[in-house]
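Each of the next two complexes has chain A plus one more chain, namely chain B in the first and chain C in the second.
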Partner chain A sequence: MLQNILCFLEVDVRKSILHAFYPMQRAQKDRLIQRLIDVLPQTSILASQEELKPYECDGLSVYRQVPALVVLPETVAQAQAVLQLCHAEKVEVVARGAGTGLSGGAMPLENAVVLSLAKFNHILNINKAGRTAVVEPGVRNLAISEAVSHLGLYYAPDPSSQIACTIGGNVAENSGGVHCLKYGLTVHNVLGLKILTMQGDLIELGGESLDTAGFDLLALMHGSEGLLGVIVEVTVKLLPRPELAQVVMAAFDDVEKAGQAVGDIIAAGIVPAGLEMMDRLAIQAAEAFAHAGYPTDAEAILLCEIDGTSESVSDFITAVEEVLKHAGATEMKTSASESERLQLWAGRKAAFPAVGRLAPDYYCMDGTIPKSALPTVLRQIALWSEEYGLPVANVFHAGDGNMHPLILYDANKPGELQRTEDFGARILELCVQSGGSITGEHGVGVEKLDSMCVQFGAKELQQFFAVKDAFDSERLLNPGKAVPTLHRCAELGRMHVHNGALPHPELERF
Partner chain B sequence: MQEAILRQQIEHACMAGTALNIVGGNSKAWYGREITGETLNVGEYTGITSYQPTELVITAKAGTKLSDITSALDEHKQRLPFDPPCFGETATLGGTVACGFSGPRRPYAGSCRDFVLGCRMINGKGEVGSFGGEVMKNVAGFDISRLMTGSLGTLGLMLEISLKVLPHRQSEQTVMLEGDFSDAIHAMNHWAGSTLPVTAMAADGSQIYFRICGTASSVEKSVKQIGGHLYDDGLQLWKDIREHQLPFFDDERPLWRISVPSDAPFQIMEDMHEHDWFIGWGGAQRWLKSELPAELIFAAAKHAGGHATLFRGGDRAGERFSPLSEGEMRLHKSLKQAFDPEGILNPGRMYRDL
Partner chain C sequence: MLQNILCFLEVDVRKSILHAFYPMQRAQKDRLIQRLIDVLPQTSILASQEELKPYECDGLSVYRQVPALVVLPETVAQAQAVLQLCHAEKVEVVARGAGTGLSGGAMPLENAVVLSLAKFNHILNINKAGRTAVVEPGVRNLAISEAVSHLGLYYAPDPSSQIACTIGGNVAENSGGVHCLKYGLTVHNVLGLKILTMQGDLIELGGESLDTAGFDLLALMHGSEGLLGVIVEVTVKLLPRPELAQVVMAAFDDVEKAGQAVGDIIAAGIVPAGLEMMDRLAIQAAEAFAHAGYPTDAEAILLCEIDGTSESVSDFITAVEEVLKHAGATEMKTSASESERLQLWAGRKAAFPAVGRLAPDYYCMDGTIPKSALPTVLRQIALWSEEYGLPVANVFHAGDGNMHPLILYDANKPGELQRTEDFGARILELCVQSGGSITGEHGVGVEKLDSMCVQFGAKELQQFFAVKDAFDSERLLNPGKAVPTLHRCAELGRMHVHNGALPHPELERF
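And then the complex of A and B:
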C-alpha cells in the first residue's frame, strides 16, 4: 500500500520516505556483501545479528542501533575500497575506533556500514631524534606512551579512557584529559594525518614538519567527529617525560574561596600541569571509596600538580603553597613521594564511580565556563538542586573551566529522569550564558545535538553544513551527528548511568 | 568603526562579484601572491573587547595593533605564547592570525593556531558567525576558528579573535655553542628531547643559540648542563631573529622559508652554500636566500618531508606556496566555495586558483 502511494511522489521524496520507513532492503544488503567480499577477507565482514549486536552503541549506551553491516578492513587499500563501494551504492558509513566515546559519535545508523578501524593497531615508526611516532588509528592512546617510555618520551593527552580509547577516536573527538591546561588537547599534539574521504581519496595532511602549506585541514579534522573523513594514519608529537611531578591538596571551608584560589594560582604566573576541584559531596563520596586522605568536612578541595625539572617543581610548589595559604586553605598536603602523589590523585580519579554509589543513577554534564563564572554557576546549581530535590556532586577540571556536575537521581521513580534532564538542560544553558560551551571534551555526537541549538545560531549551523558538504556532499559519512538541522531543538545531552554501571566500568573516569 | 560597514562592503562585493583585498595594518602586504581588488580596510576596527588575566584569554578586534595587545598583556606579566613576529609597527592581530605567523618559541609552546580559541567572522556572503569561544576546552561544532588561522583572508574576514595567553617567563638566559649546521641539527634535537626548559634554538652555521626560560634555579642548572658561553643580549638576539633584523636577512635575493622535520639533515639539496642559510625552530624552520627556480626548492622541501614558502621577494605573480596534492586542492576549492562562493575574498592571495 505504502509502495503504491510512494510511486506518485517525486523521486527524492520517495527515497527519503523509504529511507525513513524501511531498513536496508535484503537485496541491497546481499548485493553489498557480495561486492564487499571482492575487496575484503570474508572474516572482515560481519552481517549476522549476533555479530552486529556488540556494535550497537559506543560508551553512551542509552542510544542503541544495530547497523546493517560491520566491516573490519586490515589495510588502507581495503578501507579505501569499502568507501568507494559505499559511495557508489549511496550507503552511509560510520567509522569506529574502540567505541569508548561518551556522546554517541560512533553509534551506528540503521542503514549504515560500520567501518571499524580495530585492525589498524600497529605502531609504524618511532623517531627518537625528531620525537614523533607514526601510528595506525586503532592504536590505543596509552600504548603510544608505553611504546616510547624506554626513550624517556610520552604522548601527552591523557583522556580518562586512555587504556582503551584509540588515537583515531582521540583525533575525531579532539580529546582532552587532566593535563590540557599545560599540554593542550589532541589538536596540539598531532603533526600529521592520512585520511580517506567518503569518495575513497587518500589525502595526506601534514607530516613531521611543524606546519603545512594551504588551509589548516589538520586542525579542522580534529573534533570533526567522523563527519569529514576516515583517519587511517596519525603522526603524533612526543614529549620528554618530566623529571618530577608533585601535587598539593588544599582544603577550603567555602567553595567560592576555592574558586578564587584557582584564579590566584593563575594570577601568580603559575601554569600547573593539572588543577582540579571537587565539592563536598564529591569529596565525601571519593574519600569513602578511595581513602585518598581528603578532609571530609571540607566544602571544597583543590589538587594542583606541578611538573618539570626538580628545581622548577620545587620553586613552583613553594609558590603554590604560599598562594593557597593566602587564599584561605584550611588544610594542605604536598606529596613527598610518587606513591603519595598517586594516592592524592586516587580519590579524584575514582570520583565518578564513587559518586555512582550514592544513588541508583547519575547524569554527567560536560560544560565549560570561564573560571570567573565558577562561583555564580555553582550557586545557581545549588539553588536548582534544592528546587528539583536532586543532589549534585561537582568535579571540575578547574584550570580550564571544564565542569562535570553529576546529578543524582533514580530512574525508577516516575518523572525523576525527566526532572533530571530539565535540570541538566538548564545547567548547559547556563554554561553558554556564562560565556562557555555545551561540551568541553565529550563531543556532541547524538547526545548534545539539541544543545548545539543553544550555542549556535542558524548562520553558524549552515556554515557547519557547508563545511560538511565540502568534504562529503552526499552526507554519507556519519550523517546526522555533531551538527543539528535547523529545525531540531528540544532535548539536552547527558551521560546516562544506570545503577552506577558505567559503560566500560574498567576505565577511570575523570 | 562599525561592523555593519564591513558587512555591507562584503555584501555589495558579493552581489557585484567584486574582488576585495583585505588590509589591516598593511605591514605584510609583501606576503603571499599579489592581488588586485577593492581595499577592505579593517585597520580601524580596533579594541581589546575582553581581557581577564586569570582566565588566560584575551579577545580583541581584528584591527587592534599587535603592539597594543602585547602591552596590555605585559601589564599583567602575560604574553602571546606563540611569540608572533610583527614585521612592522602597524601589524594587527587580524593580519597576524590570517598569516598564521609564529616566532622562535613556536616548537616548544605551540603555533598561532594552537592558541586561537575562537573568532567572530564574516564569510564571503556577508554572513556573520561566531565559532569557538573564550574557553580553552570546547568541542562544539567544527573548528572553524583554527581553519581561519593562516588562510590569508581567503575564507572570511575575521572581526574578533580570542586567544589563549600564558604568564611570562620568570628568568631567561641565552647560551651559544660552536658548531656547523649539521652539529646544530644534532644538538638542537638532543636538547629538545631533554627535560630542560629550552624555549628557542637557532643556528647560523658557526654558532648554535639556546634560550632557556623558567625559574631562576632551573635556568641556572640548564645553562650549566648545555655548556658553551653566555650570550650577552639574548633578548635582542631573539627579537632580531623573529623580526628578520639579523644581517643575514638584509639581502636582495628572494627569501625562502623551508619547513621540514626538525631532524631532517642539513643537506636537503645539491650545491648548498652555508652562508645562504639560517636555521630556526630547533631545526624545523630553515631560511634560504636563493635565486633558484621555485620548482626546485618546492621539490627539495617535499623530499625532506616538508614544504616551502617564497616568503619575501621574487615573483609575486607566480605560486609562492608549495603545490598541494590533487586531493588537497580539491578540498581547498570546495572549502573556498563553502565560505566564499563568489570568490571575492582575497582571491589568488594564497594560490592562483583559490
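And then the complex of A and C:
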C-alpha cells in the first residue's frame, strides 16, 4: 500500500538540505571497500550502480539519491566494525530498515554508506511469563505478533506498513497506528534497546522492568530518526490478545458534529482501541474502491473499535452507540462478526490508494492537533479548500488528533502545485497554532525540515543540535535530516509559530 | 508521613560525592548577593544561617548541607536572571520543589545557590474540553486534582507524598504512585514543559498534542533529577474521575503464591488501578498500627483495586476474585462501600511508619524487577534474611514490580550496620540481574550513586555525561548527583552487573 502513496515534495527547495559535497572520490571509495572487506563478507558490501540503485530512496520515492556504498552486516560485531571504520574515515552513515518510511529518513546521501539492518532479522528470545520479546531491529513489525500468536500474545503498535516495516525503523520514527490511541506509540511498547553510537560503542538502554535509573535515553532514541545511534536490538512488551473486538460505524451529516462526537466518546470515559474519521470525499473514494458499506451521502463517518473481554466489549459498545446517537449520528452499524468488522475497516485501510484515484496528484499531510481543536481545524480547512479551489479528503486517527488531510491537485495545471504548497504550509501552521505539531507519525526526515522552523524556535533547535552532538559530535550519522539548521530557517524566512494560541498569535521571527 | 521515613544512608562513603571545594568565600558571596538584589526583591534572597537552615536537606534527612544562599524567584524572568547570573559567576545551582524527595536530589551543596520554586505555585490555565492544565512547577500534586475536581477530572499520578510534593519535583524524579500501574508514571501524564537551561535560555518542550517532532527532550527531562534544566511550567493531562473504585484484599499462606497471583491477574487481561503486596511482617506491623482488618496470620496479602464504570468494575472485580481464588487465596474481602475501600487501604498507606516501630532503624530499598521474577526474588530475599539474621518487611507496588524491601536493624549493635549495607547491596544487584533496576520511583540523587555503578557500564555512564554536557557543559546544575563518575565507580571497585540473566551471570569489571 505504501508504494501507492506518492506524497508530493517540493524537490528543488529541499535539494539544499543535502550537503553540497562532491561525490566520494574513486580512490577514497576503493580504500573504504578494501578496509570493509577486512570486517565483512564480500557479499555484504554492495558497490556497483546496479546493486546500489534499489536503495536510492525510501517510501518518499519522489526524492532519490544513490549512496556511495551499501553494507549489510549480520552481527553486532560487524556493524560495530563498520561504524568504527566510517568514524575513522569521516564517512557519513545512513541506517536503514525496510525503507518504508514516508519522510525520507532513510534516504541515502551521496557520500554516505547505507548501513542496512536487513540481515538483523532474528527473534532472539520470547519470555512468555514476562510477556517480552527480544528481537533484532530488522524483524518486521507483524512478524513479532506472528511469532507469539500461539501464546495468545501480540505486539500492539500497528503502523499501516506493518507487513513490511521493521521494528528498528518503528523505534527510529516512533511509529503509531490505528490502535495507538489505546496502546500507545512505539515508545510506550519498547522496554529496552541496544544501540551502537557512531564511534561504534555499544550502549544498553532500559530493560525488562518498567523504569530505569539515569537519563531516559531509551525514550530519547524513539523518533530520533537515525541521528543518534544505530539500533541493534529491541526488547518489546507483548500484550495478551483481546478476547473480542467490535467496531461501530457512525455516519454524520456534518463534519463538525463528527469531530465533536470524538471528544464526547473520550469524555464519557471510554477508551476505544481505535477511533478513526473520514470525511465525504474520503468516504466516497473508499466506498467506490473497497465496498465497505459506508453511506456515500454522509458528510463524515467515524469508526470506533472496542476490544477486551466479551462482557466489557458489550458494555462499551452500548455506551459508544448511545454517545454517537446523542451526538447526532444519522446512521450506525455495529459489526456482528469478525468478517463484518474486517469489512468495515476495509474502506478505511484502502482510503489512501482510493483517494489517489480522484486526482492526478495528492499531497498527504501528517499533523497533530489537540482533540478539542478538531471542529475548529476542520472548519478552517474546509474554508481554505474553497478559497484555494483545491479539494481535500480528510482521513485520520481522530482519537489521537493525528490528521492526514490529502490535498488533491494536478501538477500539470500551471500554478496549482504552488497553491497546494501554500495550502499545505498553512495547514501545518494551523496545527502548531492549535497546540499541535507538524508530524504525527511519519517523522520529519527530509520532507518537513522547513516546517520544523515553524514548530520550533532558535533555542529549541540549538538544544536539539547539542543533544545530537552528545552522541555524534562530527555529525556523521544521517546528517541533514530531522533538524534544520538555524541558517536554513533564517534563509527561508519561516516563522516560529507560538504554541497553543488561537486565533492567530503574535508571531516571533528569528 | 515522609518525615517518618528515615532511610538509612552510609554517610561517610557518600560524603565523597560532594565536590571538595572550600566554602564560598565571604567576598564572593557578598558580591553575588549584591548582584542578585538587582534582579530579585531582597525578601527573595535568604543568606543568614537561620534562614538557610530549613533548606539543609530534603526527605533524605540523614544527610545535611547548608547551602551558600537560597533564592525564591516569583517569575520566569527572575529565575532566568538568577541562572544567567550564576552561570556568569560559575556558581552551582540546586533547584528545589517541596523538598520531599527521598534520595537527596534537592540536597544543597556547600557552594551552591538553592533555587526554590516555592513561589511558582499558580495554576495558570485549565482546559476543560482538552482536559489539560497548565501549572507552575511549585503547585502541589494534589492541588491540581483539587482545582479540577468540580469538572469531574483529576491528575492521575499519586506519589505517597502527594499532599506536599510539587509537580516540578514529580517531573524531575518521574514520580509514580499506587495508581501508576494503570495510569502510568509522571512522564506518561505530562504533555509539555517550559524549562530554563543553566545559561538561562527558555526552552519549550511538547505541548497539548500527543507527540511532537524533534528529539524527545520532554521525556528526557523526566527523571533527570535537576541536572538538565530548571522546570518553570508544566502542562499536565487530566483524566475523568472514575465512576467507581473497589478493592479486593486477598490473603495467602505463602509469599510466592501471592507473587504468582500478581502475574495471574495481569495474564488474565485485567488492568488493576493498583496492585499492592505486603508480606507477613509488614501485615502485622500495619494491622497493629492502622487496624485495617488484615489477617495477621497470613504470609502475604494483595490489595487489588479496580476502577471504571459501575458495570465494568463489577465484571472485573468478579474476574479478580476468581483469579485470586484459583491462585490459592485463603481469605478474601471486597470493599462494599467507599469507607470500606479506604479502610482496606489505610494499612498499606501506614505501612512505612508502622514498620518503623518494629526496630530502632530500617533501610528502605527501592528497586524494580520484571513481574515474572517476583517469586524468585522474594524467595532469595527470604533466604538472605535468614543468612544475615536481619528481618525484612516487604511492602511494594507488585503490579509494577517496584519493590520496597525494608531491612530492620539496630545501628547500635556492632557490625549490624555493615551487614545491612551488604544485604541491601545484594538486593539491588539481584534486581539488576533479574533485568530490573536500582530505583523504581525514589530516584538516584546522592543515595544510590554507588549502585549506578552496578546498573550501568562505562559506555552508558559516559553517554549520560555527554547528554548532561549538552545542556550544562560546565556542570553547574545539581552537580555530583544522579550519575557517578567513572573514577568513582573504579575507586569503589563496584561491578557492572549484566542485565537480564539469572542465576549469576558473567560479571564484567571496569
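Operating definition for what follows: the second predicted complex is superposed on the first by the 468 of 510 C-alpha atoms of A that agree within 3 Å, B and C clash if a C-alpha of one lies under 4 Å from a C-alpha of the other, contacts with A are read in each partner's own complex, and residues count from 1 in each chain.
Convention: contacts are C-beta pairs under 8 Å (C-beta built on N, C-alpha and C of every residue); 3 or more make two chains touch, one makes a residue touch a chain.
All of these numbers come straight from a predicted model, not from anything done at the bench.
Chain B and chain C, once both complexes are superposed via chain A, clash.
After overlaying the two complexes on the shared chain, residue contacts for A:463 are found with chain B and with chain C alike.
In the superposition on chain A, A:77 makes contact with neither chain B nor chain C.
By the touch criterion defined above, A:88 reaches neither chain B nor chain C.
In the superposed model, A:486 lies in contact with neither chain B nor chain C. Touch criterion met: A:401 reaches chain B and chain C at once.
Using the contact criterion defined above for the overlaid structures, shared-chain residue A:173 touches chain B, although it does not reach chain C. Once the complexes are superposed on chain A, the part of chain C occupying the same space as chain B corresponds, among 19-27, 181-189 or 289-297, to 181-189. Comparing the two complexes, residues 127, 129-132, 174, 176, 185, 187-188, 197, 201-205, 207-217, 219-220, 222-224, 228, 240, 242-243, 263, 266-267, 269, 308-309, 311-312, 315-316, 368-372, 400-402, 435-441, 443-444, 448, 452, 455-457, 459-460, 462-464, 466-471, 482-483 of chain A contact chain B in one case and chain C in the other. Residues of chain B that touch chain A in their complex: 52-57, 76-77, 100, 106-107, 110-111, 113-114, 123, 127-131, 133-144, 146-147, 149-151, 155, 166-168, 170, 189, 192-197, 214-218, 220-222, 259-263, 281, 284-285, 305-307, 309, 321-325, 327-328, 330-332, 334-335, 337-339, 350-351. Contact residues on chain A toward chain B in their complex (touch as defined above): 127-132, 152-153, 173-174, 176, 180-181, 184-185, 187-188, 197, 201-205, 207-217, 219-220, 222-224, 228, 240-243, 262-264, 266-267, 269-271, 308-309, 311-312, 314-316, 368-372, 397, 400-402, 435-444, 448, 452, 455-457, 459-460, 462-464, 466-471, 473, 482-483.
The touching residues of chain C, counted against chain A in their complex, run 127, 129-132, 174, 176, 185, 187-188, 192, 197, 201-205, 207-217, 219-220, 222-224, 227-228, 240, 242-243, 263, 266-267, 269, 308-309, 311-312, 315-316, 319, 368-373, 400-402, 431, 435-441, 443-444, 448, 451-452, 455-457, 459-460, 462-464, 466-471, 482-483, 499-500.
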